[in-house]
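These are the structures in question, set out in turn.
Below are two complexes that have chain A in common, paired first with chain B and then with chain C.
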Partner chain A sequence: MGLPMDPVAANVDAVEPWAGEAEPAQKPEEPSLSARQWVRQNLFSTPFNSVLTVVFGLFSLLVARGLLNFTFSEEREWDAVRTNLRLLFTHAYPEEQYIRIWVCVGTIVVLAGLSVGLLAGRGRGVSMKKLSLNLIGVGSAVALGVVLREPSVLKDADGEVLRDDDGVLRESFAAAMADRWAWWLAAAVLVGAGAALWHLLGDERRRKTFVPSVEMFVALVGLLVASAWVYPWGHYAFADGEFIAEPGRTVAMTTKLPWTVMWVLLIAAIATGRQLRRAGAGGGVRVALNLAWLLSPFVLYWVVLRDPALDWGRVATVDIPLAVLFAVGGAAVLWLLTDPRIGELGRIIATGLVGVAAFNWVAAFFGWYSMLQKVRLSFLLLALAALLAHNFAGERAQRLRLLGGWAAVTAVFHYMATIMNTPSTVETPTEALIGGFAVTVIVAVFTLLFSFPLGVLLALARTSKLPIFRVLATSFIEVIRGVPLITILIFCAVILKLFLPDGMSISLIAAATLGYTFFSAAYLAENVRGGLQSIRRGQFEASDAVGLTGVQRTVFIVLPQALRVSIPPLVGQMIATFKETSLLAIIGIFDLLRMANSVIPAQTQFLGVKREGLLFVCLVYWIFAYSMSKHSQRLEKKLGVGER
Partner chain B sequence: MSVSDATTAVTAELAARDDMIVCEGVNKWFGDFQALDGISAVIKEREVVVVLGPSGSGKSTWIRCINRLEVHQEGRIVVDGVELTNDLRNIEKIRSEVGMVFQQFNLFPHLTVLDNITLAPIWVRKKPKRETEELARSLLERVGIPEQAEKYPGQLSGGQQQRVAIARALAMEPRIMLFDEPTSALDPEMIKEVLDVMKELATSGMTMMVVTHEMGFAREVADRVIFMEDGQIVETGTPEHFFTSPEEERTRLFLSQIL
Partner chain C sequence: MSNTDQATLAATQARRPPFYRDATVLKWLAQVVALLLVLFTLFFLATQAQGNLEEKKIATGFDFLGTALGSDLGSGIDTDPHTSGRALLSGAVNTIRLAIGGIIAATILGVLVGVGRLSSNWVVKRMCSVFVETMRNIPLLVQIILIFVVIASLPRVEAVGEPIHGWLHLSNKGVSIPRVHISDGFYQWLVFLLIGALVGRWVMRRRLRLHDDTGRETYPVLSFAAVLGAFAAVGWFAHPIFGWVGAIFGLVADIIDSLSQTVVQAVISALAVAAAVWWIRRFLARRRTPAGLTKLTDDDRFRIIFAAAGSAVVIVVAVTVPSLSSVLLDLAGGRGIDWLRFDNGFFGWLSEKFGNGRTGAPIDVKRPDIEQLGNFPNYGPSGLNLTQGLAAVYFGVVLYTAGFIAEIVRGGILAVPKGQTEAAQAVGLRRVTMLRRVILPQAFRVILPPLGNQYLNLTKNTSLAIAIGYTDIVQVGQTVYNQTGKTLEVVAIWMLFYLACSLTISVVVNFFNVRMKIVER
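Then we have the complex of A and B:
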């Protein structure tokens, strides 16, 4: 603790500040070094270090030069990326349904804004000192880039590149520098702004004035959005089989309008969140927000993106009655099971329900009797609730709370099951609903959602006292960890279908998600197990001594501490999973990588144009992975991991 | 030494009370090492018993057997009329009747002081949350740190943590309190604050079994002192008897080293 906190990091305010101190300790203030002192102390402190600095400095300049020349070379066909942005992000999702995608993005923007507004409290933001240094740094980097990049090629009046015997002709260095006046101007503005900030504020104020990061982020996005309306970024699209490339215009209305709406939504959501916080919104709002986050992937994918064509007659006669039946019947069983006087009978009933639930699956496998899949799953849910019921035994209020929870779970489950079973109205040329980066995100999000609980359960099972759990979990983990991910994915994509009972099918994306989930869960389980093993014996003894049951001990004492310890490896695993989704391309799903690697290079206008797309894919993955890793660092600091 | 021998040392009034803890011929081994060797003793209601002995003598093992943190292999342990067997329900019942305070406090570091105290009453005793919080605050008042309710254990001093641990145990409204070297991990200036709480508890009539090296506490508060060595009970008696005229040579040797 005691580190400057960023408002985004304060997202975790909801999590208790664990073993942290009450007040962050005041860091003794070091006087700022002058630039010269800093350079001497850090870059040229000894002759050997000076040599290292020079050698590796030159090396980085060479790398930067290569990258710049590659990116900005006249040979690059960035039009291939620009025109195909829609393809890269959503593949063949029908254009007239695009509003659905914006609804999804908007929902996420609103949830994120609410979270930031509600939870980001004590953040101080970026200090003026850091801000001015960053401005100077970015400005200098721009200037350096302008100098480093080779001079542009010369073209004749028709736009043909001029050549002589040695190759293409380039303008002189001086002419190139003069041609790039706009870049010089940008660099000068950045450095100038940074320097002005630095000199206008004294050392004291530089360090103690903060720009709130949330506002800064919103302003930057606003600037970008505003530029879309005025600056001629160019209008590029690939729609109805036609390529549009009009460099002189501003971006298409279908781009700038939605993003402007998103920006307004973001501001509104942050403001609402802050208002709620100021009004003293308590745990209830936070729980609701977390629930909304948790449910949003399901609702957004199955309800918004798929637009199910519900058969209302069937909904009224089959789906709703079934849901009500399970809600009421289950509630009655749970009411009985939470009676404090029930004793041994409760365990017998719960075990019986588990038996019924299991038997339904066995029957399905052998085809003894048919049953709706969601009825089978409902029985499973009920058995699970029955097993946990004795923890809620006691007072009327407590029992009613369990019943309320059961009704809510049943309602959500039956709603989702109905929706998922209904065909989609969105028609695409491929089997999949959506492709491109969207499918990357969808697979990654669902993998995380499913693999996290599965991983925790596996870790608990592996450390369980019951040998059957231990053996099952250990075999699962070791088998999965011993097989390459790509093998698991191909197995799931090709072979899994053959194992399913008659009448059941699984889409390619679902099969892939299942494969990722298994793989990720096995690794998560090992990370969580590490956390479990770090819990001291005293914690178990204390839980036992106050009379907690095994389940209560795990849920209230062991897991919260174990998960906290495992945050760094867990986030690492999440980032790895996110990046590994690029393997989707190999099993035939049109994901981001496949778009850039196979689809775009096959278009007549951009035959064989691969490099630009791949570079773009790198950039997209990097932006997301880097933000996740940054966020996890803040989370670790906030939770005080590693400083027990 | 038999049960009757142990009880002759206490007054007739004490003998008339109910038995809270009865141990008969308790044996326990860690591998080949015999940690408890034929322990037999009876602890009466509202009695304060201090267990003394050199380290490794089995005092902690014994006290930990009483709420089944360790499993004894031979003999009987009966707590408040319930015999400790492998039956889970008996163990759960006994654990909710017996409070325990550890040398290392063992507070839950991720929960506030208040949550540390209320967790078990809410989930084990199934008490309403509000009522339990009131109880917790009154207990914090009783152990002298009402202002620390919202803090985390890591923000408290060792003495404060141990007092929270006592409050946590008391919140279950136990009939017996076990103390396993409650002051051994504390800085000297914090020992007194914990002992004061324990003295107050003893005066209030709680049945207590205390493993400690605090001779002052034993002399002042204990109804009875049990001296252990090598897993056996060597001598039992009132504090005056024990500290002034111990019968056994081994007891005298121990006292000469420690006093």
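Then we have the complex of A and C:
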């Protein structure tokens, strides 16, 4: 599926046709038009325009009416969604372990809050003009919806729908309008608030007063959370196979309490972030935060959600000593290799290490001696670090930093390797640990994490001057891009097993993630390649002139510029990957779509009830994809790509 | 360069570093090691797969294409294929049909919506942007399934079709509309069209030259259309006079049938060699400057070697797999292939289609009818029936891609510099002329490459039909490997098919792209 981002299209908010690259910031602000003027200018400027307005206005009203009647029809069984929310979001994750889910959500909320507090807030937020117009718009839409929706059906005392020969009986239009007084009230409040804002502030203040968007978002979430304690949204659940639907109650404690905690966490995190920024926290905090973001998927999935049953005896006798050995030994080797005076000897040592690492695999192939896979991988890691070490040769402080980095990488690698090899203690009735929307997010996040480095490597190989690398990368990219994702997924889910050596197995989700990673990496490589090609020759020549090595030139000069240029298409790729996770349903993973399309319609209470669930899935995907694409448009403007 | 400089250069070049520090050696060493690593990994995986397959007693090979398939297909050119090969072919045709129909509809809808987003009318603008944001932010698969489910919830087929009997039938079994189809004398009529196009082209060129010479408006495109139309109109009635064309094709088919497969192998080999030679000569010609041939880099040499090796591979395949050549021969000539249920090869088929005695109208229209109420074959054979699955995939793919195309069109139009509009207005062009002559040609250049990508995506996205059981090539392939266990082979067929589709689309798009390019100095 293609890139929803178009660098040209996304950048322009200009409304007039063929306006070219209008720059919103420099455009002189036009004073607000009166309602009459606005209508004349935008709806009835020419006879042709008036016809368009009438025809398309009627058409859109018809479409809106159809959608409203479809969504809120008495035939819709929205209980199917309400009672199955847990199923839709986490599938069969055990009830008593649910605290783990909340810990994950909480971690993400805290990280997001910290990031927002640290980084955001420089924007001006939403202007009062826009806010009041939006309020009026939403209010009018509500009013319009109330009028358009067909009158409700009549029911007898038992709640059975009354019918005659022609079909169901409906109340009269006047009665329906009167019945919907609460909606009228809501519409009136919204329109009134918008109009009041509009008229109380003058034209000047309307445009120059801004409501900070972060505060507005937090307040809205707060309102929602508070309503969970007060307003009877109803209590719906599917606990132990039992169907609970109690419309008159507030939501269950297991829902409103965690969300309240999340909200408090969010406020606290944002406040902490802001405090840190005010205190002048520098790059260190930011790096730590980014690292936390990077590591959080691994820790949350393998540690928090799985709760691995670590064998502490083995950990103390095998795993920790191994990690320490590699950390210390590797550090010693790297210390030696980053010495600027080492010269030829360093390369010989590095080559030797590569030989050792390679030999371990050869030995594994012939079965000469056994070795933990993680040790083989550690040797490989060390060999790679040794090969690259001469690029980091320099002063003492710099070398020490490299050693610190090595120790951290080793620690994380060994920790994750140990954790991943430890069975989970969370018992679920299904093969997979978790399903529903959670698995969608997990696959999307890991795809992103793995495909990014792979994609960058592929792009570098494809633009490299070395022909064999180029041919390999090009053929990989073109083959993957030429075939549909579903065939790659089927390949990974069905055929990959055949290629694995004896005793090795791969879970369905891992296989699917691998497929997504390949697919996403091929597309990502093309985006990065675009960025790489936009770099001027002078940059290469300059870095050669300063005497940088090839690796240094790529890592410090070329890639930072190339990636900056390719951020918008990369975000587009991210959204595409997120949407493509819906294909998990086809290869038999219980993701959000499969829940709505196959699992809920199979429940005895909701046999064949599909439309409600699917509409809900549409809504969930839409909210996430839409907010991501809006964010990427803002990001693009902020980066000013294409404007320099 | 002075003499001393040259001397130092020569001295530096003479003092080569030891081989293990020589950049060239290291570069090639790294590449060869990487290549060996990749080859070894592939080899390792292949041996594993072979071992695993042997364990499961599954033989590899494409023999299964000719063996019987125990199930029917829901829709397609052949709903009762006797062999796996025929079933896959039927699926492939379904995919191609979906893709072509989808590309046409999505382009029209996408351009309309994209232009609509730039309208000065608020209602139109808003509607179009709501459409785009909805389509682009909901996964295609979800949309397809939703459409499928909604169609399934429509009323059953009744004796009187709803909503417009005889023209448009909507029911829980799908959609039926009138069908325009090739009829009896179409191919003879095609000969008329071909001649008409040639004559029209000649007329158009003359009109163009007249326009260039005199500056008068000579309507070149219109005159082309008029000539073509005239030929089409005459041919509609006169087409039987071309009944003899079939005999020529029959002759060609007979000649091909008389060839032995060695001839085909020789032709393929010769073609491969010719292609490689042509490519290398062109490559070298590009490297030639007025001062003579520039020094070839390693990279250039590698490209030449790669081209030569490619042709060698083709020759080796052609020689070692003789059955490929005989299949090609059967496909081209008049014999046909049994397991694909091709009674004729290509030329045999042509000779039949162009043959004598086809006197009916070239194109026919049939309105939908209803055959049976409620049950499956409810729509008759006359109309164009989109079954539930086909309709869901088709509309899903069209709407989704239209959202993306709309954005591309909008971006392309906005990318035309404002000065162009202003200049056109200053010259006094009318709005329509300005759009047609100034804005759209420039916008098209920006639009075309991403548009080609969208066509590619649309074609690949039709594979989501598997989720709702419409028999496209992927779904049929799944049925085949579930019955025969030949997963590897089926995936290989999928990949070949889709790569061929991708290649076709990119060749077509590239053709237009080159034609549209600005000619610089």
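Keep this in mind: the second predicted complex is superposed on the first by the 607 of 644 C-alpha atoms of A that agree within 3 Å, B and C clash if a C-alpha of one lies under 4 Å from a C-alpha of the other, contacts with A are read in each partner's own complex, and residues count from 1 in each chain.
Everything below uses one rule, namely that a contact is a pair of C-beta atoms (placed from the backbone, for glycine too) under 8 Å apart; a residue touches a chain by one contact, two chains touch by 3 or more.
In this text the structure is predicted, and so the values were computed from the model without any measurement.
In the superposition on chain A, contact of A:Leu276 is made with neither chain B nor chain C.
In the superposition on chain A, contact is made by A:Gln561 with chain B only, not with chain C. Contact with neither chain B nor chain C is seen for A:Met416 once the two complexes are overlaid on the shared chain. Contact with chain C, but none with chain B, is seen for A:Asn597 once the two complexes are overlaid on the shared chain. Once the two complexes are overlaid on the shared chain, A:Ile495 sits against chain C while remaining clear of chain B. In the overlay built on the shared chain, the residue A:Val126 is in contact with neither chain B nor chain C. Among chain B and chain C, the chain that touches a larger number of residues in chain A is C. Applying the stated contact rule after C-alpha superposition, one finds that A:Leu548 touches chain B and leaves chain C untouched.
Once the two complexes are overlaid on the shared chain, A:Ile535 sits clear of chain B and of chain C alike.
Across the superposed pair, chain B and chain C both touch chain A at residues 16-21.
By the touch criterion stated above, chain C contacts chain A in their complex at residues 27, 30-32, 34-35, 38, 44-45, 48-49, 52-53, 118-127, 133-134, 136-143, 145-146, 149-150, 153, 298-299, 302-303, 306, 404, 407-408, 410-419, 421, 439, 446, 450, 453-454, 457, 460-461, 463-464, 466-467, 474, 478, 481, 487-488, 491, 494-495, 498-499, 502-503. Across the interface of their complex, chain B is touched by residues 16-22, 340, 391, 393-395, 397-398, 536, 538-539, 541-549, 552, 556-557, 560-561, 564, 644 of chain A. Every residue of chain A that touches chain C in the complex is listed here, in rising order: 1-2, 4, 6-10, 12, 14-21, 42-43, 45, 49, 52-53, 56-57, 59-60, 365, 465-469, 471-472, 479, 481-487, 490-491, 494-495, 497-501, 575, 579-583, 585-586, 593, 597, 610-611, 614-615, 617-618, 621-622, 625-626, 629.
The part of chain B that touches chain A in the complex is made up of residues 67-69, 92, 95-96, 98-100, 102, 104, 106-112, 119-120, 123-124, 126, 128, 151-155, 168-169, 172.
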